[in-house]
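Chain nomenclature is as follows: A, B, C, D, E and F, assigned in order of appearance, with residue numbering initiated at 1 for each chain independently.
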C-alpha cells in the first residue's frame, strides 16, 4: 500500500500561496492535514477547482443539512469502494450529525440505516445518480418533491453525488490513504 | 428500523438450557450479548446448527490465523451489505489482529488494504466463492498453494465464506441490528 | 472433472459412529449414498452442523409443503449454477411434488413454470434473498402475507435460501458431482 | 402458464404446403410435433427463414460434431433462461452425444461438465458471444485455433450462438412450452 | 481493425445468382453495397435465411412504421455495442424518420430521446427482450396494448429485437465495419 | 423532452461578468453557445469550478494529444449514456482528430475502433476508472508505461475520466440537450 498516494506529495513551502493558506487553515481547524489536500496539491489548478466545487456544494446553506450532504457522500462513496472518501466522510458525518452510529450504517447498507423517510428518498436518488444517472426521470423529481425537497435541493443531491463520482475515481487512481485520525473521530456520542 | 430483529426475541428464561448457557457465557466474556445470539434463539435448532458450524470454522486452529478468518468474514459480508456482520466482525477483526485500522480498510476495499500477498490471495479467492463460486477451478487451488496454503486451508476459506453467505442472508432477512458496543470495540491500538 | 469431490472422501468405517449411522440410513432409504454425505464427511463437525441445519428447515412441518421447500432449493441453486444441488434437488422435487416436469421448469426459469401465485411470490422472495438480501424490506413481508404466508413461513423461505447459499458455495468449492441416480429419479409421473 | 404459446397456433391444414410438409416430416421422425414448429408457423415467412438458418448451422457436416453444436445451444440457452430451448435441446444433446448426463451438466454449469479441453474452449467462446460479443477479439480466434478449430468452425460456434440468441428471445416472448416428451428423451444410456 | 470482416469477402461473380442479384439491386438503390451483404455472402445459405428474416420483419407493413422498426434496431444494437448495426441503422433511421437528430439520441440514451409515449413503451419492451427476455410477462403485453399496440405489433417488436440479437452477435464476431457512407447519410433535415 | 435543461436557463445579462465573458467568447469561437454553458450558469460557483477543472485537463499540453483527451471523454460518456456529452464531444473529437469516422466508432465500441495500441491501452484504463476504479492497481500503471505513457499522463487519463463521471451525471440530472449544431460538425473529412 502506498503511504499516502501513488503520486508525489509536494512540500508545503513549494506550493502557491493560496493553496498553502488553505492547507494551513484546515490544519489549524482539524489538528491535522487531511491527505486529500496534500495529494491534490500535486496539481494546483485541479486543487483549486476541486475545492471550489466542494465548498460550493458541501459548505453552503440550503434545504439539506450539512449532515445530510455528508450522508450522500458516504452512501455513494461506499458504492464506489473509495477507501479515503468513506473513512474520511464517515468521520465528518459522525461529527456533523452528532450521531456516532449513523455513518457506519450508511456505509454498509443505507437501506437498513436509522434514517427519516426524506433522507431515505434522498439517498435512493443519490444512488440512482451514482449508478445509472441516464435513467433519472421527471418522476424521480416528483417523488422527491413529495418529501418537501425543491428543485434546488435536487440539484444539490445530484451534484454532490456527481462531485464524489469524480473524487472517488481520483482517490482510487491515487490509492489515497485516509489519515489515521479519521477512523476514530466523532465516535463518542455528542462529541467531536 | 427494527430495534434488534424483524422477528421476536425470546426471553432468556424460556430458552433451552444449552442455549441459555451459551448466551450467558458470551455475555460474561464480552460484557454484553451480541444480538446475533438473541435473534437466532427464536429458532433453537437453527441456533445450535449455526453456532456449531461457526465454531468449527472460526474457533479452530489451523493454517489461517483467527484474524485472517475474520478478514474473510468482513470482506465478503461487506459485498453482501450485511449491516450486523460488517459492524460486529469489524470489531472482532480489530481485536484479533490488534490492528485498529485494518478492519475498516477491508470493509471498504480490501484491494487497497494493508495486507500481505498471501492475505490478498486469500481474499481474492473468498470473493470469488462469495460472488461466482461456480467459476472456482483447479487453477485457483494451484494459485493459493503458491502462497503456502494447503487444501485444508482452502476448504476453510471457502467454507467460512459459505457460512457467511448464509448468515449475511439471514441477518438481512431479520434486519438484525448490531449492538452499539461493536462500533467502538478495539479502536485503540493494541487494546481490546 | 473430479469423480466426486476435489477433497478426499473418507472410508465409511473411519467415520464417527453418528455420521456412519446417518449415511447407512440414507443409503437404506434411497438405495445409494448421495455424494453430499460422503463429501461433507471429510469434516465431521461441519457434517453434523450442516445436516442439523438442513433437517431443521427441510424436514419440518409448517406452512410450506415439502415440495415447496424443494422449489426454493432448485430455483436458488440454479442461480448459483450449483451442479450437485440442482441435479439432486430436481430429483427430490419431482418425487415430493409428484409432478415430473415442474423441477426442470423451475431450474430453467421459474417465471415461466406451472406455479400457483403463492409459489411464485415465494420464489420471487427467495431469489431476492439469494441475490440482494440487503434490499429485503418490510414491504416484502407484507406482500407475502397477502398470499397467506405468515412470519414463520417467511423465515423458512429466507433461511432455506440462506442454507443453500452456503451449500451451493461449498458444493462448487468441492466440484461436488451428483450421483448418476439423481438424473432420472421421479421422471415417471406419480412414481418415485 | 400458456399451454403452448402466447400467440395463436394455426391449424395444420391452413398452413402453406411447404410448412405443412416440414411439420409432417418431423412428426414422422420424432413421433410428435415439437412446439417450436407450431408456434413459429403463426408467421410462415419467419418460419421458413428460421428453419433455413437452423438447418444451415445445425444439420451441416463440418469441424464440429452434431453433439458439439447442441452443447453450444444448451449452454447459451441456459444463460438466457429459455425454457423451451433448454428442455428440448437437452433431449437432442442426450441423443446426439449418446451420453445421458452431459446435457444437464452443461445446462447447470458447463464449467464443471465432463468436456474435452476443446469443448470447454468452444463453450467459453460461445458464452462470450452470447453475453459480450463486442469484446470478441483476434486473440479469441487464436486461442480456438490452438484447439484445432479453424475459422469456419469459429464462424459456426458464433453463428449457432447468435441464432439461439434469436430463438431464445422469441421463445421467451411466446412463453413457448416444451413438449412433455422432451423431458425424458434419451435418458437411458446409449438409447434414443 | 479489419477492413470489412474477419472472414473472407467473396468475389461477386463467384456468388450464386440470387445473391448476386440481391447485391446488385441494393447497390443500384443505395449507390454502394452495404458491407453486411458482402460479409454474409461468405455463407450463402445463411445469407438467404438472414435477409429473408430481415425482409419479413423490417420491410413489411403493419402497426409499426418503418422508422419505428429502425428505432428498435438502433436502441438494442447500441446495447450490444454493435459497430456496424448502430452506424448503418442510424443512417436508415434518419432517412426513414426524416428526423436527422433522433437516431443519435436513440443510440446514446433512448430514455432522453424525442419520442412519443408509444415509442417509448415500444423501446422499453424491446430493451427487455434484448437483455432479460425470460422476464417478459403477460403484464408487459397489457402495458403495450394500452398504447394501441396489438399482439401482432408486439410479436414484431420482440422478433425485430431477436433478429438483431442475432445480427449484432454475428457482426461483432466478424468485426464487420460499416461503410463510410453510413456516417453522413440523412443528416440534412428532410433529405435522404 | 426538456428543450435544454430541467432547470432554469439564466438570462445572459443577469450573469456575473466573468461568466458572461466566457460565454460570449465561446459563442464567437464556435458560432453558437453550447448548452452546457447555459445550463451550468444556473449555478455560477459550480460553473467556475467546472470549467476551471475542464480547462486544466482538456486544454493543457502534455503527453496526450487533444484528440486523445476527447477520445477518453467519448468512450466513458458513452458508457454513462450521457446524451449531451456523447453528441458534443463526438463533434469535438471529429474536429480535433481530423478523422470524421473515429468518434462514432469510439462511441459505439472502442474495442473495434481504428486506434493505435497506445490509444487502446489508454481507453482500457479510462473504462476501468469509469466503471471499477477501486480495482486500479500498480500493474495498470506498469502496463500504461509500456506504451510510453508516464505518470502525469496516467493522472490525466484518470482525471479526465473522473471529471466526466461528474459531468455525465450532472448532464443526465439536467436532461441536458445537445445543440443541433453538434450532430453534424466535423463530418466532412479534414474540415471543421
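Here is the rule we use: contacts are C-beta pairs under 8 Å (C-beta built on N, C-alpha and C of every residue); 3 or more make two chains touch, one makes a residue touch a chain.
The structure presented is a predicted model; accordingly, all values stated were derived computationally and were not measured.
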item	value
Touching both chain C and chain F (chains)	A, B, D, E
Classification of the chain B:chain C interface as same or different, half of numbers criterion	same
Most distant chain from chain E, judged by the mean position of its C-alpha atoms	B
Which of A-E and E-F has more C-beta pairs touching across its chains	E-F
Chain B and chain D, separation of their C-alpha mean positions in angstrom	44
Centre-of-Cα separation between chain F and chain A, whole angstrom	24
Distance from the mean Cα position of chain D to that of chain C, given in whole angstrom	29
Where chain E touches two or more other chains, by residue	81-83, 109, 111-112, 134, 172, 175
Pairwise touch network: line, ring, star, complete, or other	other
Contact pairs between chains, per stated definition	A-B, A-C, A-E, A-F, B-C, B-D, B-F, C-D, C-E, D-E, D-F, E-F
Residues of chain F touching chain E in the complex	1, 78, 81-83, 86-87, 100-101, 104-105, 107-109, 111-114, 172, 175, 180, 183-184, 187
Interfacial residue positions of chain F with respect to chain B in the complex	134-135, 137
Touching residues on chain E, where the partner in the complex is chain A	109, 111-112
Residues of chain A that touch chain F when the two form their complex	6-7, 42-43, 45-46, 48-50, 52-53, 55-57, 80-83, 129-130, 133-134, 136, 138, 141, 151, 154-155, 158-159, 161-163, 165-170, 172-173, 175
